[in-house]
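Input: a single structure, listed below in structure tokens.
Chain IDs A, B and C follow the sequence of writing; residue 1 opens each chain.
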Amino acid sequence: MSEKTRLGNFFEDFYVGQTIAHATPRTITEGDVALYTALTGSRFATTSADTFAHSLGFPRAPVDDFLAFNMVFGRTVPDISINAVANLGYATGRFGHPVYPGDTLSADSTVIGLKENSDGQTGVVYVRSCGVNQRGQIALDYCRWVMVRKRDPASPAPESVVPDLPAAIAASDLLVPTGIRIEQYDTALSGSTDLWNDYQVGERIDHVDGMTIEESEHMMATRLYQNTARVHFNQQAERAAGRFGRRLIYGGHIISLARSLSYNGLANAFSIAAINGGRHVTPAFAGDTVYAWSEVLEQLLVPGRKDIGALRLRTVATKDQPCADFPYQTTDGRYDPSVLLDFDYTVLMPRRE
Amino acid sequence: MSEKTRLGNFFEDFYVGQTIAHATPRTITEGDVALYTALTGSRFATTSADTFAHSLGFPRAPVDDFLAFNMVFGRTVPDISINAVANLGYATGRFGHPVYPGDTLSADSTVIGLKENSDGQTGVVYVRSCGVNQRGQIALDYCRWVMVRKRDPASPAPESVVPDLPAAIAASDLLVPTGIRIEQYDTALSGSTDLWNDYQVGERIDHVDGMTIEESEHMMATRLYQNTARVHFNQQAERAAGRFGRRLIYGGHIISLARSLSYNGLANAFSIAAINGGRHVTPAFAGDTVYAWSEVLEQLLVPGRKDIGALRLRTVATKDQPCADFPYQTTDGRYDPSVLLDFDYTVLMPRRE
Amino acid sequence: MSEKTRLGNFFEDFYVGQTIAHATPRTITEGDVALYTALTGSRFATTSADTFAHSLGFPRAPVDDFLAFNMVFGRTVPDISINAVANLGYATGRFGHPVYPGDTLSADSTVIGLKENSDGQTGVVYVRSCGVNQRGQIALDYCRWVMVRKRDPASPAPESVVPDLPAAIAASDLLVPTGIRIEQYDTALSGSTDLWNDYQVGERIDHVDGMTIEESEHMMATRLYQNTARVHFNQQAERAAGRFGRRLIYGGHIISLARSLSYNGLANAFSIAAINGGRHVTPAFAGDTVYAWSEVLEQLLVPGRKDIGALRLRTVATKDQPCADFPYQTTDGRYDPSVLLDFDYTVLMPRRE
């Protein structure tokens, strides 16, 4: 093996406090937006039309928040998770400055926790990753933790540091993009008259539609984000030695599909403000049909705004299981086998005064 | 079912004279154009190159007229045809102001006819749909009629109103985009020296090439247009309960493929002026190979223009059937089983004086 | 067959000295770049980020050199190789003015050699193809030779002219884009600290990753380039009468994949300067997993530049064969059966003084 080839970091390469500047900054373009629409079917008016976005006070249509998230995530993979066994969870993600076509995102990650597993083969790495635009404005940051292989099982375990991550981003910490106003908000164009006031805590919404995923679709999405994790691309290696015998679908594509499906029932959730937590419960594969449902967890007041409110949501994506019965967990806390994604996040929505 | 989820209109929700403003306006971008090229292989010089378009007097390359058509169509689906059993036909479509990247299209539809079927389960809805840009200029409008399910078979039938639609857009009603001039038209760059004068009524052209469609391709195209009709995306539901056991290909994708294939034989048909009529004869599925042929139906003078003429064409798309023998209808008027699309439309072409 | 349909040139249609202006100029856009990234996974910082490109002195991110190459190649197909039996090789390709989104490429080809094969059925056509932008600046030119069918085996053989093509572009003929400076070059963002000085002649680099190709991916790439060669698109015809019973993958897509895979080991090869030679050894098909490795053939000084050097590389792409053992030729000069592509080209890389 030439020393020129990078094989990525193993568990013992990380230390708490380490900051890694990720390679390959990325200019986001209208081409990325078109592909995102073609791959997810997203229909939210704010990201679909400059005119609608302008009526809200955006200078033009921002890109979908999960497109930005997946782009930042993609940058981190070669350094953080190329040798990961599993992507365990997300927490305390917050969206800041909207991303517009023409913006260039760079990313870095800081190691905030390490815990070797008892088997001595792997360990959990906790990082906070941050995506900034070309003016140094933070587009988003979020924590995730992954199980990473050790290069050498004999290497000593580091001191365990497990970060104390809050269950959710507080309402007082949510950021509403500068200049947003909703007096011209047109519910005929957004596709629903249901505003923040019309949702109730505990309400469950079946998003009805199902979307079957093809190999080329998830690979195109994942390459668009320049995410290089091998399990998504190499059928030969997966067949020979993979855990499932086939390519796994990148979890971020499932998040994007769930968000797109959620338009039917949450059409006025014009912006994502936070990722409170999230877990990829089961891997998805080509041929799976993805469905989604959501539950309103909290109805949050946004400080200083009477015209915009926030909803904390749980969106659950399933495979091959329509969601009229809201499949989730059994009474013992185990997930229904159809559940792919359990995602806790906070959206912004116009509010009637 | 939460009341937040929209299930679309059923037959008894429509009334003649009703106008529906469709949700999710759409900014058309260079990203959409690139995807359209990647999904259809279109090679017309006017939509491929700013330089060529500029030589005709366009400020830049307009987007393909059928890309604009499919975008407008996509907007109408959640309101008009989400509960449709079949998309029966098109008529009196007219293209107006060219669409350029950066333009935002909004759409509305007016109900112009209703006729309940004798089985009492379904009815035919006739609409005129219109797509306008951000300056209120009409990009295109067209009529279509669809068979829509009733929510409640016991609901009373409305008075039957069947609109009287002309067989074709008259030459005097065709619109040539403002400022178009053809004195610099370069037939080496357009790909053919055959101009309007060189075609004859009754002439048939085999477009020769065949294009096999994959599931991911038709789904990406259909999602790009934000067309949400379920039959195109959900393999699980189609397998379980669909009429064909598999996903159907959106008919507009077949129109786009037929137009792209028609480049070989109609390379100078630089713009679509009208859709006179059209019918999706048979559904298409992934794995089908699409071919096309065209017949010149009329050679039309464009009022006030000696440099541009119009051809009324019938383009027929087939599946798994090369078109050297021009498969169409048998003597009793039934279609050859290979025919997917029977499309009657009018193109503009440079004319030698 | 209508005379309107073009069937392309056959061997007897070519003559030495003939120049063909190809149809359908092409404006390259950010949409094309997004699709190129989605289809290849390219991660080179210069083509990924305007900011990084700007730090090198580019006005913005240029498009990938092989995207430009494939676009020019695509223009040539209807005139040069639509009736080709095989694409035999490339030589003396040189990249000139960088291509930016918004540029329009036109292409022409000049016949520089002809040699009928002894079977009298086919002949080899040698052409030099050139792509120029809207200002008449040369983006690239290259030679290729293809085996083309005769229309009529009885037609007389032309005088054989076989051009004398150099084995490689000389260092003195390499073009460094105007205004490029590397004093701000950031190796954290490029993804590697290995610069020109760190490579050695004879060094071999396994690029490690593998990428499985789907039908829709290679067809989308090939249509994006408006390459119309039938063998890539028509499954029905290939099944019935093709040499392999299935669609062949366009060789340029394999070149693009190999270049993208080569990022891991050659991350600082920010620009392609020359194609010295190349051969598609074996056809690739959907389902194949592509791997690549490279060997440094020459370390070239770029005249007048102490900050930039050139590496002449051989990059070999294989199918279904990881490249840890560098599969290539056996001692008798025959290729290992896994080899798809044998590509000899020259890249530019920052150089430490």
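Annotations
Just so we're on the same page, a residue touches a chain if its C-beta (ideal position, glycine included) is under 8 Å from a C-beta of that chain, and two chains touch if they have at least 3 such contacts.
As the structure is a computational prediction, the values presented were derived from the model and not from experiment.
Shared numbers divided by all numbers used gives the overlap of an interface; between chain B and chain C this overlap falls below half, so the copies present different residues. Between chain A and chain C the CA-based rotation angle works out to 120°, given as a multiple of 5. Averaged Cα coordinates give chain B a centre that lies 36 Å from the centre of chain C. Residue positions of chain B touching 2 or more other chains, listed in rising order: 29-32, 34-35, 101, 214-216. Considering their complex, residues 1-2, 4-7, 21, 23-27, 29-32, 34-35, 78, 101-102, 104, 106, 134, 214-216, 219-221, 223-224, 226, 228, 230, 233-237, 247 of chain A touch chain C.
Partner chain A is touched in their complex by these residues of chain C: 29-35, 37-45, 48-52, 61, 188-192, 194, 198-199, 203-212, 214-217, 264-267, 287, 289, 320, 322, 324.
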